[in-house]
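Each of the next two complexes has chain A plus one more chain, namely chain B in the first and chain C in the second.
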Partner chain A sequence: MAETLQTPTRAEKRQARRLRRFDNPWLNPKLIWGVALLLGILLLGLIGRMLWNLDLVFTGSATLKLPPVGFENLRKQEGVWDFPLGTDGSGRDMLALIIIGAPNSLFVGLLASLIGMSTGIVLGFTAGFVGGRTDDVIRVLSDVMITIPPLLILVVFQASFGDVSLTMMALLIAGFVWQSPTRLIRAQVLSMKQSGYVQMARLSGASTGHIMFREMMPNLVPYLFGSFIANVTTSIVTAVGLEVLGLGPQRIPTLGRTIYEAINAGALIQNLWWWWGIPTLLLAVMFVGLLLINLGLDEVSNPRLRKLS
Partner chain B sequence: MLDDTETVLTLTDLCIEFPTPRGLVQAVKDLNLSIARGRRVGFIGESGSGKTTTALSVMQMLAKPGRVSGGQIDLGGTDVLAQGEEEMRRLRLSRVAYIPQGAMNSLNPIMRIEPQLWDAILAHEPGVSRPDLKARSDAALVSVGLPVHAGRLYPHELSGGMKQRVCIALGIILTPELIIADEPTSALDVVTQRQVMQTLKEIQEKIGSGLILIGHDMGLMAQSVDELAVLKDGELVEHGSVAQIITAPEHPYTRDLISSVPVVGGASFLNPERRAEAPKRDSSEPLLRFEGVSKVYGDVTALRPLSFTLEGEVPQIISIVGQSGSGKSTMGSIMLGFNPPTTGRVLFEGQDLATMSAAASLDFRKNVQAVFQDPYACFNPFYRVNHALKFPFKRFGLSEGEAHTQKAMEEACVAVGLDPDLVLTRYPHQLSGGQRQRLIVARALMLSPKLLIADEPVSMVDASLRATILANIYDLKDKHGISILYITHDLATAYHVSDYVMVLYKGQVVEAGPPKSVIGDPQHPYTQLLIASIPWPDLNRPWGEGGAEDPGVQEAPTIHRGDVAGFDLVKG
Partner chain C sequence: MSRIPRDYLINRLVTLVLTVLIAATLIWIIPRLSPVDPAEIALGRMAAGAGAVENAGEILETLRAQMGIDQPLIVQYFKYIKGVLLFDFGLSTAAFPTPVSALIANALPWTLGLMLISLIITFIIGNLLGALMVWEKTPRLWKVAIPAAMVFTSIPPILSGLLLMWIFAATLGWFPLTGAYGLTVEPGWSWDFATSVLHHGFLPALSIVVVTFGFWALGMRGLMISVQGEDYTTLAKAKGLKPRYILYKYMIRNAILPQITAFALKIGLLIAGQVLVERIFAYNGMGKLLYDAILDQDFPVIQGVSYVIILMTALSVFIVDLIYPFIDPRVRHEVA
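Entry: the complex of A and B
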């Protein structure tokens, strides 16, 4: 008995860790892992730019279809350290492609989601607060937009635009990710308007701005974060979808475009797995990271979940 | 039939625990109790005392991660804890039935009543034929005092009282040995509460089962059960027959529970001797004036035209009493300017609320404050609770700097009996309902308004704390000279705190005057009905008899029972 008091048992250690986590919710393992994964992709982009020769993304700068180091391709060629992740069908270095492509894909997702979110916040608050006709218009618009499959419209758009820039693509995708935050925020604002603390704030002589941004907004943060991260995921999926169809930016390497080229060149049949496999893996890492951040943030912002963690 | 002394439920050394991040919480500790066939046992205690937990453990329906850590539960010879999931499913409803607290949410909203009753039968006795089912569900509905055609209706077509009756019918349809009723009437008003309790008692006597009634209202318990089990912090502190516990309570906690029930005409829990002067007012206009104010929502008249003047020279408490739907809360929100009246004008110190300038509006907000019913919703969950006190204090320009605000908050907390170091820096979810409601009172105190609208301030607070919070509110008038409009359904508290009472029925004042006359000696049939429906913790007082509302109630004219200086209700 005395011994167990001095050296904490495993259960007690776990208990102490739980308490620490309760007191500082940001020490959430899911959140930390998620952020670490995304930071890893960003760092790959940043450090890669400093250390690696980016001219290798150009066609024909290396031997064609070289495998990663330690593997052999169908022509019995060994991977070489000059191109550690191998090369694609037109002799571009995979590592250089990823260093440029992966942050690009993330950038499109973040930008599209940011624009969509901002639109959603403005429209949602307007609809919830102003009500009446304005509310009707915004609600009908977002309901209609939700029923339209974005990829279908985007394919037409992209095809007619020809070559687009990354920012242009983000803007186009943003046009399809503002509806769900709008509806979500509108619903929350409507229910919060009736809540006791908003009534109390009105009793306290609070201005509309104060009620919106100081009383309601902080309580929306968990929803906003969740919605933002979910939107980043959707935007990346949409962007990659377009790129894989060959409708993305033509001159800028992205993960989706690399996959498109791999499929086009018959990489699946020729067993050039590194060509399509590595970008796919990176996309998977990105999605897992985003998912973990979403789950983690949920626990951070919701004290009830936090208690159980 | 079975012998009366047979026990249906025996709890032996029952222990229930909940593992939490902060360690094990003992929800129930070494509880010993047995319930005989045909007996009604009341479990009384505050929220968190373990009364519902105990009852749920009998059905193995404890919320995860709670578990029975020791002891035995014997249900008429069956060891409940040894039963598997499937056996337990068969046991529930057929041998032990549970009538939940919120009948509103317990019925499937997209199914008619009848099939919901049939489902209950079929789950236990598969293959019962359709005519049999129909006959049994009709019988069950009739036995709880509902017409047979109610079975063809959807839950939303029934009133709260009727839904609660359906839940009772569902509970007794398989004639269980034990019925557990978890605060079955807490969502109902007094008149309906009496009818539903009568039904429950009748049906329980008819089928001869044991009944566990969970609640926190000593009056209701005294009128409804045979035995009382008083629980505090998971421990059974006292158990005995109702008569014994009401007349000679042994445990100090039981005594507190009994004395916390306010009784009309009984000793006051307040100290009415001290009188404060009203704060000096710049305006000679009356504080609040209603001029033919009415409110209509679509086809429903929430409030009929009403005119009164509250002078506010001497602080007064005006009570507005009525059942839910009487228009009393509508009146409160009209006074606060949250809800514009359909006709008429509301004047605060001579200024119409509808046409106030922004500056006057801010001044009005400072001078008219409120305490709402739900202490759980009143705090923004994002901020520490001091935000709710600090913000209006600064907003109304009362603050002379950070230190002054802090001092004012601490003083206000002390005045309502809270330790400022303990509560002010907490988040709302870390405080109890009672603590939060006191903080709202402290907030009102800090702002020292001229008028406070208290809308059911204690109806969601544990019974034992009600008197304290009402005393806090009373102090606002007494020590700080704030006039108060007290909106409530509880006539007993209105009797004690108010200077003038208005009884509201379907948007109309039916009886008004000083509380000693209106509540002490009611003349209007509706007021009489309300008062007869209050369950008193007094065994000699008849409560069981008495029916529904008399159809003549609404036709009877308004009865004025005398005037009080400073408040003038226009007779019309």
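Entry: the complex of A and C
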């Protein structure tokens, strides 16, 4: 008892603070910051839709190549508050463009990853539980598909079919992001099947469904989240890649397509930095947010990392 | 550990063959599901060039026969697979009558060169920085700076490429904006050409390096944390070895090996990212070839480029899987 009465060191204080928060690993700063950044982009889309005139995304709705407020373009035109982030080479308002475009990218990423994850959960559990021939087929198929870069197959697809909708693009990308969750869950299920608590549940007569979802699933949650976020990143990277190649949805403004148009119009040489820079910045914020979430989730699932920070 | 178990080798080979076969099949099926008729595209191109085409119906028939699309699908498929295995993708429709394989043979060395150089640089920088993140003797400043630099990890190289292009090529003019070598330089084994290639390749390589080193660094960090807790590290410290010696010969030596397998899983994304970097820098590689082909609706080239890149990816994964146990004797080839 005598030792605890001494003034606590800093490490002890920190530990005490942690205990007070029940040491909830889900409340680590990386995770919070990451979620905040993504929410920021989402809010930009939601609030922007209410406050800003979205008709300004149509071509020719403003003077061409106006700079953001406070800057001057090569023709000595100054930015005006009517178009606070400037306009692109065909007179579209950049603010309206990103209000519509930024949530679109996030939407494609989330939808593709969600479908991929659901497929992965079903296939992974099936492979792990059923075993035998079914397991072989699923395992080989996911091994094979994981080495094929989605971008290249999708380039062939979209070059042959022309215009696609956002949802269609998400569905196509989903066809390439189910492999890693499948492999992950299969491996975990195989190792968990041998563990004491699952054996115990089986002995006490629990149904397969109960074992899968009530006994195993809770242990998989941090891994699933991690894999989900990684897949959102892959999906957005693929979608942006397609858009920058001039594929992807042709009639809806997307961040990637804006960059594509900017490069083609020589925005770099003409020093129209806002045209390609604003979508680039937004995408960067999105990816940094996703990375932070992933690092935060790593700390949740791997306590060894937590001690370091 | 002197040789690879036969079952394992067969297993990996089957995966490799299946990967290539499935990819080739997908690339073949997808355009055939679309309503677009390649013969009509070719005819349209002729019409655009000549103003009008007489007896269009006959020409269409001839074109179809030439492209082989008048035959039953199953015959077409086997012909295609046979061609693909021999790297024969037919003739480019935009640069008619250049064979697609010739176009790819021109572009491939550029892509491979850029990839190899940026890969070696990132591997060294990334692993070193990752190790320094964990090492106790790292200066404080570095311990703050490295995780901050890690933010770039998540950004695809195309975005960093745009930024670098703007700063160093468009604004400062230190490096050329596009291309793989100067327009006035004759390609060949000359000093001028070599410096021009290096000068042009610097920015594309840098834009890949700044966003991919973090991937290695993060992996290395995780591995170093576990190596740090190992008994042999403690023993080395107890023996009073120099910290730097322990870092290189004990910690990094043991932690670096699993990093090589991480590479196998990442290579697909790396190549896809590089394709896009080549597109924005108009670098004479596969990315530019692919982009031009998309613009021209040149399907044989699109198919050929996609197939070759997928083949490259699958082969690298296969090779890494096979040689890994020779690099790291702790790992045995598992028979799955």
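Rule of thumb we're sticking to: the second predicted complex is superposed on the first by the 272 of 309 C-alpha atoms of A that agree within 3 Å, B and C clash if a C-alpha of one lies under 4 Å from a C-alpha of the other, contacts with A are read in each partner's own complex, and residues count from 1 in each chain.
Definition applied: a contact is a pair of C-beta atoms (placed from the backbone, for glycine too) under 8 Å apart; a residue touches a chain by one contact, two chains touch by 3 or more.
Please read all numbers here as calculations on a predicted model, not as lab measurements.
**Student:** Counting residues of chain A in contact, which comes out ahead: chain B or chain C?
**Tutor:** Here the partner covering more residues of chain A is C.
**Student:** By the touch definition at the top of the document, which applies to A:Q250: first (chain B), second (chain C), both, or neither?
**Tutor:** Touch partners of A:Q250: none, neither chain B nor chain C.
**Student:** Per the contact definition in the header, classify A:T134: touching chain B only (first), chain C only (second), both, or neither.
**Tutor:** A:T134 sits against neither chain B nor chain C.
**Student:** Once the structures are superposed on A, label A:A284 by its partner contacts, choosing first (chain B), second (chain C), both or neither.
**Tutor:** After superposing on A, A:A284 lies in contact with chain C but is clear of chain B.
**Student:** With both complexes superposed on chain A, which partner does A:M145 reach: first (chain B), second (chain C), both or neither?
**Tutor:** The second partner, chain C, only.
**Student:** State whether A:T59 touches chain B only (first), chain C only (second), both chains, or neither.
**Tutor:** After superposition on chain A, A:T59 lies in contact with neither partner.
**Student:** Does the superposition put A:T167 against chain B (first), chain C (second), both, or neither?
**Tutor:** neither
**Student:** So in the superposed three-chain picture, is A:L268 touching just chain B, just chain C, both, or none of them (first/second/both/neither)?
**Tutor:** In the superposition, A:L268 touches chain C alone.
**Student:** Does chain B (first) or chain C (second) touch A:T9, or do both, or does neither?
**Tutor:** In the superposed model, A:T9 contacts neither chain B nor chain C.
**Student:** After overlaying the two complexes on chain A, where does the chain B footprint on chain A coincide with the chain C footprint?
**Tutor:** Residues 304, 308, which sit in both footprints.
**Student:** Which positions of chain A touch chain C when the two form their complex?
**Tutor:** Interface residues on chain A, with respect to chain C: 139-140, 143-153, 155-157, 159-162, 233-234, 237-238, 240-241, 244-247, 259, 263, 268-269, 271, 273, 276-277, 280, 283-284, 287-288, 290-291, 302, 304-305, 308.
**Student:** Which residues, counting only chain C, touch chain A once they are in their complex?
**Tutor:** 14-15, 18-19, 22-23, 26-27, 30-31, 33-34, 36, 134, 150-151, 153-156, 158-159, 162-163, 165-166, 169-171, 177, 222, 225-226, 265, 268-269, 271-273, 275-276, 279-280, 290-291, 294-295, 297, 299, 302-303, 305-306, 309-310, 313-314, 317, 336
**Student:** Chain A touches which residues of chain B in the complex?
**Tutor:** Against chain A, chain B makes touches at 20-23, 336, 338, 361-362, 365-366, 369-370, 372, 374, 376-383, 388, 391-392, 395-396, 427, 429, 440.
**Student:** Would you tell me which residues of chain A are touching chain B in their complex?
**Tutor:** Touching chain B: residues 15, 18-19, 22, 195-197, 199-206, 215, 218-219, 221, 303-304, 307-309 of chain A.
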